[in-house]
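Naming follows writing order (A, B, C and D), and every chain is counted from residue 1.
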Amino acid sequence: MGIQSCVKILNEWDIVAARQLGRNVAKELGFGTVDQARITTAISELARNIYLYAGQGQICIEKIYEGSKAGLKVIAVDSGPGISDIRQVMEDGYSTSGGLGAGLPGVKRLMDQFDIISSLEKGTDIRAVKWLR
Amino acid sequence: MGIQSCVKILNEWDIVAARQLGRNVAKELGFGTVDQARITTAISELARNIYLYAGQGQICIEKIYEGSKAGLKVIAVDSGPGISDIRQVMEDGYSTSGGLGAGLPGVKRLMDQFDIISSLEKGTDIRAVKWLR
Amino acid sequence: MDLRGKMEEKYRNIIIDYLRDQSEQTLYQGQKFSRELIEKKISPEEIVSLHKGLLLDLYPNVPESVIHSFDVLLEVMVGYGLAYREHQSLRNKQMEFRTEMEIAANVQQTLLGTSIPVVEGLDIGAISVPARHMNGDYFHFVLDDHQCVNVAIADVIGKGIPAALCMSMIKYAMDSLPENRHAPHMVLESLNRVVEQNVDPSMFITMFYGMYNPSNHIFYYSSAGHEPGFYYDAQTGGFSEMEAKGLLLGIDKKTKYQQYEREVHPGDMIILMSDGVTECRTEEGFLERDALISNIRKYIHLDAQTIVNNIYKDLERLQDFQLRDDFTLIILKRNV
Amino acid sequence: MDLRGKMEEKYRNIIIDYLRDQSEQTLYQGQKFSRELIEKKISPEEIVSLHKGLLLDLYPNVPESVIHSFDVLLEVMVGYGLAYREHQSLRNKQMEFRTEMEIAANVQQTLLGTSIPVVEGLDIGAISVPARHMNGDYFHFVLDDHQCVNVAIADVIGKGIPAALCMSMIKYAMDSLPENRHAPHMVLESLNRVVEQNVDPSMFITMFYGMYNPSNHIFYYSSAGHEPGFYYDAQTGGFSEMEAKGLLLGIDKKTKYQQYEREVHPGDMIILMSDGVTECRTEEGFLERDALISNIRKYIHLDAQTIVNNIYKDLERLQDFQLRDDFTLIILKRNV
């Protein structure tokens, strides 16, 4: 397991800090500009969710290796209200932001792997990985 | 009624001629580059339909005026097999080209007005107008 | 060469061609390339990145700022890229949904199926088209043992699947009616009891029930709040409304229905419909019942099935190929 | 200033900021701007055109070729713009469809509705979740005059709306069953006759019917080709299959069903399910029935409703929140 760097998300400026952290690690790993933009967009989205719905939480970035593959893992953890219907939240076209297409299905699309655990009143833990091609 | 200029559609090269005609008229009327690109894309689509499904037909371009408004009208006529279920052909997401989003609903979107008459074994007549804003 | 490499080369060639001649021909290549990219599910942000790379490559001394500006364009395009990829997924869902609906519509067809009876001296045409996928209108013919033609036309208040679920109930109820179908008012009374008892209290059904007796050429009918039909008198060439009073099915289980009758002369027509025919809304407002009549006149020399088909086609186009309500039209024409 | 003018100015400011500092902060502004553009339904080709105009404006001496190259990028983006606008329309359709389905699911709920009976000494939990929008699984409880708990669980072969249409039929049939529900094998026999007669010949239904008699603590049951349940013996802590043989409903109208029985001791459980529970497919293949048992064990100390809810939640996540089949799980637990 690699080293984690984390950013606490308390206000909107922290979203930029989380993006910056993600971009730095992505650059170090050798991701191209398109993938950098995708990773930072995914981080923005996760951080924004924490900021909007959980109030606070943190985003951690980790370099990971599996065999000869290298990747970047984003971990978004909060102890907010949790998600009551994950199936619905993961459904395309459900997010209310008119046609944005982001939300959690967007994050899943921008990354290669995606896992979510959420309990009501306990919080949400999302892990997403992008592999270097 | 303005003057019509027409291009016969017999092969793929004629699609380019129809686009060129449409672009010239669009430029004369003062359409910007984005609208020019939309008009030529619509013409391409209509001409391509004639070429692929009707074998032959023609595309006419006409300058039209209504009160103080000026516009460009595209008329696509063929005497091909006709369309058996227009409702289906006009439905979004029906066109088989994976995710292209063009087809007749695309033409309708690119232009401001759209009308179609089609009879089986008699052919199809499509008229579409784009108004200058 | 991999897919991305191939696309890169194609784009490079198109750009180089265009910088040389700025021709329509090359822009057309660009459009075809766009189609290909989309078919191959390449996101728009990749094209922006490709474009930037090409510029750097072709003009190594292009100002740095121009190159930097592409970072912003790329960032903006990632959002569109997401919308675009969601689009792919929605298209697939749409396909799945369409398939499911086709199967459901078939099941409904099997459940509700009716065939137009062949009777000497009577020319019958009928068409019923759902506004969405499943039909909340319903028509049914029965040719009874006395050679009488029974015809029912019904409309659930509401459209789509909920209405279709209700309509299947009505079909079960009609199938289990006692055999004496002869009196339209009695049929409506017993169906009313079934609906009142079994269907969600917020669902109502309008129904017109008629019976044509070919031996005395009388058409008997009753209506449960259904859109009135037209009667065409061949001798005078006039149309009149077939008014009939009666409460909708499902409101009050004690409702009684009045029965009406008309003598049908050679060439006369009975025209039954759902409100989807008369309330078809066009850009200029609702279609008037008068307009429908002139539409029927236009095709009056044709056989009944062709008339209803042609009228449907005309109204479909008038509504820009988007039906607002289920559409059902039936014509019974006594031959000379 | 109009919308387009405002957007132009915003983009201009972001670009100028970025050219000055190339900061993450500005790129984040770019991302938020992207969100705003999409919300305001501005097509990507307009952004490309805007970008070109800005470059021309900021750097009047940018090479002509660079400017020309944008014509090609614009042409390519028109295709994405179309996909993007179709996306808007599909989203709206999706919304409409979802609303229609919610209404239909409510109608189905009203038609199929059942409530879990409250019986002393018996703790009952039940959950049924459709894979898509409407349920092709069905469960039903009846507490009869002798305080016996009757439980039915059924699965139409197939999913979605066609299956739901069929299932409503079964409900009508169950409602019109004669009052002597006491013998599960007789219930299945009479339902079988109804299904055979009325349902599309390609549709089959599996059903498990059981009856728990609280006075002698015996559970009587029969099965029409339904997924076997589990029996949990509290004394040994072991699970065993509740095997029961019987043809599916709708195949042969003369089918006879065998009846089985089990004595239920304090703490014992009867676990009934549809195949959507055991055939839930995960990335590593199908879930084994054994895995389900260890899942039940994990929650065995909880009340019946919490057990079924927790198991559903676990399996939902295992399947990446996409159910492949309707999911129904019922637990009857005799209290000490």
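What we mean here is this: a contact is a pair of C-beta atoms (placed from the backbone, for glycine too) under 8 Å apart; a residue touches a chain by one contact, two chains touch by 3 or more.
Just so it is clear, the model here is predicted, and its values are computed rather than measured.
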item: Over-half contact-pair match to B-D, picked out of the listed pairs A-C, B-C or A-D; value: A-C
item: Whole-Å gap between the CA centroids of chain A and chain C; value: 44
item: Chain A and chain D: spacing of chain centres that average the CA atoms, whole Å; value: 26
item: For chain A, residues contacting two or more additional chains; value: 37, 41, 92-93, 99-102
item: Chain C: positions in contact with at least two other chains; value: 27, 31, 35, 38, 71, 75, 78-79, 83-84, 86-87, 90-91, 93-94
item: Topology of the chain contact graph, where touching chains are joined (line, ring, star, complete, other); value: other
item: Inter-chain touch pairs (all); value: A-C, A-D, B-C, B-D, C-D
item: Chain D partner contacts - residues on chain C that touch it in the complex; value: 11, 14-15, 18-19, 22, 26-27, 30-31, 33-35, 37-38, 44, 47-48, 51, 54-55, 58-59, 62-63, 65-66, 68-69, 71-73, 75-80, 83-84, 86-87, 90-91, 93-94, 97, 100-101, 103-104, 106-108, 110-111, 132, 134, 160-162, 164-166, 168-169, 172, 198, 200, 203
item: Parts of chain B lying in touch with chain D, wherever the complex brings them together; value: 32-34, 37-38, 41, 92-93, 99-102, 105-106, 109-110
item: List of chain B residues in touch with chain C within their complex; value: 15-16, 19-20, 23, 37, 40-41, 44, 86-87, 90, 92-93, 97-102, 116-117
item: For the chain C and chain A complex, residues of the former touching the latter; value: 45-46, 49, 71, 74-75, 78-79, 82-87, 89-90, 93
item: Chain B-facing residues of chain C, complex; value: 24-25, 27-28, 31, 35, 38-39, 41, 87-88, 90-91, 94-95, 316-317, 321-323
